[in-house]
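Shared between the two complexes below is chain A, which has chain B as its partner in the first and chain C in the second.
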Partner chain A sequence: MTGPQSYIFKTVARFLFFLVNVFALYLLLRGHNFPGGGFIAGLATAISLILLSLAIGLEELHRVMRFDPVRLAAAGLTLAVVTGAAPMLFDRPFLEHFDMHFSNVPFIGGFHAGTPLVFDVGVYLVVVGVACKIIFALGKSTQRLRALVAEEEARYSSRVEQPIEEEVRTEPEPAQNPTIPDAT
Partner chain B sequence: MNWPLAPILLPLLTALVTLFWGRSSLPRRWFVAVSATMQLVVALHLTADTVLGRTFVLGLGAWPAQFGIVLVVDLLSAIMLSLSALITLASVLYGYAETSVRLEHPLRATLTQFLVMGINLTFCTGDLFNLFVAFEIMLIASYALLTLEADDWDIKHAFPYVAINLFGSALFISACGLAYKLFGTLNFAEISLRAALLTGDFRLHLLALVLIVVFGIKAGLFPLYYWLPNSYPTLPIPTSALFAGMLTKVGVYVLLRMFATVLPHELTFAHTLLAWLAGATMVLAVMGAISRNFIRGILSFHILSQIGFMVLAIGFFTPLSLAACVFYIVHHIVVKSSLFLIGGVALRLNGTDDLDRMGNLWKHTPWLGLLFLFQALSLAGIPPLSGFWGKYLIVVVGLQEREYWLVGASILASILTLFSMLKIWNGAFWTVSNSVPLRTGDRRWVGMTTVVAGLTVVSLVIGFGAEGVLRIAMQAAERLCDQQGYAREVLAYLGKAGGNLSP
Partner chain C sequence: MELHGINFLLVLGLPLIGSPLVALAGRRLGRRSGWLALAFPLISTAALLALAGGIGLPTRVVIEWPWVPSLGLGLSFLIDGLSIFFGLVVSVMGSLIVFYAIFYLDKDEEHQGRFYSYLVLFMGAMLGTVFSNHLVLIFIFWELTGIASFLLIGFWHGEADSRVGARQALLVTGSTGLAMFVGLVILHQIFGSASVSELLSGDLSSGKHSVLFTVAMLLVLVGAFGKSAQFPLHFWLPNAMAAPTPVSAYLHSATMVKLGVFLVARLYPVFVDHSWWAPLLGLIAFTTMALGAVLALLSHDLKAILAFSTVSQLGYLIGYYGLGPPDGVEHDYLHILNHVFYKGCLFMVVGIVAHAAGIRDIRQLGGLFPRLPLLGVTTLVAAATMAGIPGTTGFLSKEMMLKEIFEAMRARDELGLYATACVVLTSVVKVAFSVRLFANIFLGKKPEQVKQDFHAPSPWMQLPPVLLAACALLFGLFPGLLDAPFGALAVEGLNRPQHLALWHGFTKELLVSSLVLALGFGLYWLGEKTNWRWHHIPRWLRFDVAFEAGIEVFSKFTKVVTRVLRSDQPLDYLPIIVTFFVLLVGGRLLWQGSGLWGSLALDWGTVQPLRTLAAGLIALAVVGVLFLRRWTAQLISLSVAGFLTCFYFVLYRAPDLALTQILVETVTLIMVLLLLARFPRSAQVGEERRKPVRFRRVFHMLLALSVGGVATVLTLMVTANPHPSPIGRGFLEHTVELAKGSNAVNTILVDFRGFDTLGEITVLVIATLGCLGLLMRYKRTPEEYQQGPHGPPGSGAGEEVRE
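Our next item is the complex of A and B:
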């Protein structure tokens, strides 16, 4: 899953990566009262990561990101559940949310903050993690890379498990593309 | 106040912790087992409270029932929650006995807990769209479990399962849209009040038909069941016991909930259709079971045949038949799961579950044979085991309603069930052959048999204490049909709007 081999594309993709993420942050913060929110912001961030992977390649991206998308999603889910469950400690119903209005904050003026934002951040992380995992797994399978990197393999695969595409993967590589790394 | 949430939150937290824990290890196994036990305790506690007449209602985020999503645990939900917790615990313990810590797939515990969360949310929810969400959680976890420890052959058979269930989900969301257009709400309680005013409207019948197709796919009704019998045998044994016990019964539960609590009781066309589909299901599926020659295949077809009995009871739609349906669900979940687990032990001992190449089990492991006999005869409906009482009630209601063809079909299906159970008995237990190896040296089968013995005790208690269980089932069915009472209980929840948050 690499995009066009052009300098212009790579440069623009790297630049867009930050632009899309700023937009994602905007969507995330705006989501409480207006269209937006954690889900759509997560998708935007996932798109930015996919764009980056087109520019620099999946393996390089994994080296740069250094996170396991499944764990990111799990962390997000934990955050959301904890936010939802916290009111239960005070004998309030699950998922009840609270907010506060701060007026006369220096430099900003008044602003509104509440627990839905924390919940939304959880949603955001889940969406980023899951979307990245799905797209990267599909992308890797088209490039005949293994779906899991070594660290993920230790966590998510059984010791007796063999990749299903084993036969496909080990057949002789086409001659015109000899640079595919050994997947083991 | 948050009690209805516990059966959902516990599996979710367990799944998250196991996901972070990573590789399987002994402490991780203990953690999951303790959590599964706690889920059972919570579910039994909910059942004990609801038997006394209480209904738990929780509005998420303290929104009033009209605006937010409500979780409602009444007696039937609590019974189903207890059963799902029991089967999960048995499946988890059986998995521990079967697989060594080193070889256990690290994601199996996690995905099982997500699956249980989806199942429990289905039982607790009081909202049609939330029901869809619960179905999705359950289905996606089941897709993953189906292909987790799979080879090419398994993937091939998992494909129809995924394809048909995805289609079912698409249809379900369309049905939600239809219901929202029709009623202007998705809350069960409010739908039940507004649907009563629409009696006779053809759109209501259309909605009922769409819902029959959607939940018929999930439950495995006659023209829609072909995804099931080939996909379940590919699962690992403990997971297949959980699937066989709970997943199709979720479909039956939702049919019960929809037709008894949510939609008006005058939809006779839909009820008749359900009854005849059920009749066709039980006869055709049991013939499918006879055609198979390996234990898991036979048992997978039997799930469908038994679904026929439960749905037939819904189709008759009298208070007694609904109680019979509840009783049958209770009996069936325990018996069917334990039969799958017994099949797994036999498979482990003989090294295969192809009936032509099995044998010697009765001679060397009579205890296993005894467990199998209890459960198989119970499935076929031999008194005084638990299966008899459910079938007896259904036949009685059928005779009262003068549906002689359907009664005949159910008796035929029972006889054929007995026949195919005897096929397993002859092939695996009674055959004495020197060429069949019996691996009793591998001591794992002892632990596995112990777990099955626990389930068998539960099923024997259901059979011999049938009167008590039936009384509870009657109460559950009565409250299930009481639409006014249900709506009153749920809509009394005001949350933020009422100021007073204690129920």
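Our next item is the complex of A and C:
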């Protein structure tokens, strides 16, 4: 999964990465009252990461990110479950939400915030993690890289099984380059 | 009440919590984890005794914690004589067995933590079953004991015997347990209460005449017979002896297999006056008893002999309840306790002998008495108990049983006669194999192999069997000691405790007993004379072989079905699903007939130009998919249709939907492109358009058109007849007031339907993990796939080879 090898594209992509993420944050925060929400924001962030991966390459992105997106998803799920379960400690039903009104906050004025936002952040993290992980793994495998690095293999599969990519490597080179046909 | 609750938590909760702890600690402790595990049965025993003293027997106390109140399901436990009796058997035997296992398992045995963890889990499950007051709770713990038993039988899972034995045990006890569950649910339906204490004390006469009551009784008995290995389901028990000996001694003789007996006893007052109760229990149980005894005599493996004799004894116990009078039986505790004493003891002895000599075949053993004098005496006592020689609890048990069946012979003609014949036959055979068990292990001359391999066992290991044998002897000589505890443990409607005495005078029973002993010794002498040549289990009695064959046939059948229905290409499945949809939904629409066409009348005046334009563009993009040649182009065209749908959503003022649609469409497009590029075929051959056969093309076209037609008609119908009270309106109205947010879509997602969302993101994460696992899968080459050693994947062939 490589994008066009153009300096302009690379620069614009990096710039867009921040722009899209600011937009995603905006979608996430306003979700409760205006169009937006964790799911959409998560998808937007995932798309920004995919864009970045096209620009700088997956291996470089992996180096920059330093963590497994699945952990992000796991953290999100934990956050959502904890948000849901926390009221049970105070004898309230599962997933009951609470909110507060903040007034006179500098620059913003008054606004409402509550546990739905925390829950939504959980959803956001799950969507980002899941979408990125799957697409990165698939993308790597079409580039004749291993879909998962060695330490991850132990995490997601049984030890008796062999990763599929090793087999692809030992095969003789096919005539055609099996990446996605680019626009070029 | 509060104190009882805490006591009870120590009895039941501690083992259930402790089981995973033992497993965790086992990694570090290794061999010493047994000492940690020993704490749980000891604490349970102590707490149980305190509990028994605290509630003041023979009262009945119910301890209850709410669990799922909306389903009427509570953690409700019934503490009475029966449950305390069984609880004590379980926890005391548990202590002895864990102690024994510490010395039994080899020093270098791996996974000891896991072993003890299963044992403690089993003990917790057993205690849960016997104390449960709720019918559903009984079932849950019942199956938990089955699972623990499966894990323990299969503990040495490297051996094929263990795996087969574990599977048989799980299948038989698990499936019969399900039958029992149905029976218990029916009981609940009939009497309107799932509480055992209410069933026992309430007035049940109203529901007892229905057919359903009979069905419930039969199903419950199926469960009891499966667990207690009654004919014709008895075959799993001997195969379960592949487990380590402490497990056999604990689960498969002393406790778990007695659950069937327990269930029969527990529901005895409910079922006893049913006219089928006595004949059914009598016939099956006494048949099992006689058959088990004969099979025990025909076996050579030490553990098999004991296993079949356990089967026999279980028949004896259940049959005893079967013949009991409606107001309660007299000596059930004695029979159960007697069996626990001698069978637990003998199993442990056999384990020690097999450990010391390395042989389990009785024909190759002999002359061990000088080497193991203490064990020899112990075995002598236990075998005497099994044979029913005066001075042991076995004698008391047999005397009482004979008395009972002589009474039954008067009360019920044919059944009583059958029972008598079975009991006498069983007693004779039992004497013979008891003598054989002792004499052929400890007496005679020592074979060469035994001389070579013998190594002395730890003296500590001999302590538990010695204790059990001592109990059998003590209570056999002074049966009056048992009067007080049995009196306290008596349960109304089940027990009528009687005074026990060693000497009853010169009665008919004593005469029969003496005859039985003489005949039994004669049978043994006959066997020795003929060198046990006639000893093998005939093929038609090998039920386990038939069962395995049945399983084999079933798995072949499923393979055939799978091969016929299965295809490598999703393209083969899709037409089937779609055709089904068209026929079902389209057929239903046509069936409706004339009313249909009226609702489809279009009002051309409401057509809006902008929407029409968007719809037309979508249609154009879809048509493009049909005529474009390369799959990338097709995909992009399809995704253009998707993006245009967003436009449509915007026209309907649904910004959330539009946003979601755009983003989902983008991510999906990238993902599908990657996926298609990843498939080996498209990766290697590149884009290649498959030219389908003409017939297929026409068929697919027709199918596509009819799906489109059905969908159109459905849409028109739904818009023509809107739902009178759509659910969305309520959400829209209450979103600010209840969820404190003005975006109803989002408040539905995170608040009103937050639980759904939580479920969805959980599924997302699980699906991702599954995908990653799939990405790792080893893919076979075509040659390997067709004639490789493993056969086609998933067929199960060659599983052994892989190991």
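The rule is simple: the second predicted complex is superposed on the first by the 166 of 184 C-alpha atoms of A that agree within 3 Å, B and C clash if a C-alpha of one lies under 4 Å from a C-alpha of the other, contacts with A are read in each partner's own complex, and residues count from 1 in each chain.
Basically, a contact is a pair of C-beta atoms (placed from the backbone, for glycine too) under 8 Å apart; a residue touches a chain by one contact, two chains touch by 3 or more.
Not measured: the values here are computed from a predicted model.
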| item | value |
| --- | --- |
| Which superposed partner A:95 touches (first chain B, second chain C, both, neither) | both |
| First (chain B), second (chain C), both or neither touched by A:16 | neither |
| Partner chain in contact with A:156 - chain B first, chain C second, else both or neither | both |
| First (chain B), second (chain C), both or neither touched by A:85 | first |
| In the superposition, chain B vs chain C on chain A residues touched | C |
| Touched partner set for A:71, first chain B, second chain C, both or neither | first |
| Chain B versus chain C as contact partner of A:29, first or second or both or neither | neither |
| Touching partner for A:56 - first (chain B), second (chain C), both, neither | neither |
| Touching both chain C and chain B, counted on chain A across the two superposed complexes | 70, 74, 77, 81, 94-95, 97, 156-157, 160-161, 164 |
| Chain A residues within the chain B interface of the complex | 70-71, 74, 77-78, 81, 85, 88, 91-97, 154-161, 164 |
| Chain B residues touching chain A - in the complex, by the definition given at the top | 1-2, 5, 9, 12-13, 16, 19-20, 22-23, 58-62, 102-107, 149-152, 155, 495, 501 |
| Touching residues on chain C, where the partner in the complex is chain A | 632, 655-656, 659-660, 663-664, 666-667, 670-671, 673-675, 677-678, 682-687, 739-743, 745-747, 749-751, 754-755, 757-758, 761-762, 764-765, 767-769, 771-773, 775-779, 781, 802 |
| Footprint of chain C on chain A - complex, ascending | 1, 27, 31-40, 43-44, 46-47, 50, 70, 73-74, 76-77, 80-81, 84, 94-95, 97, 99, 112, 114, 116, 119-120, 122-123, 126-127, 129-131, 133-135, 137-139, 141-142, 147-148, 152-153, 156-157, 160-164, 167, 174, 176, 178-181 |
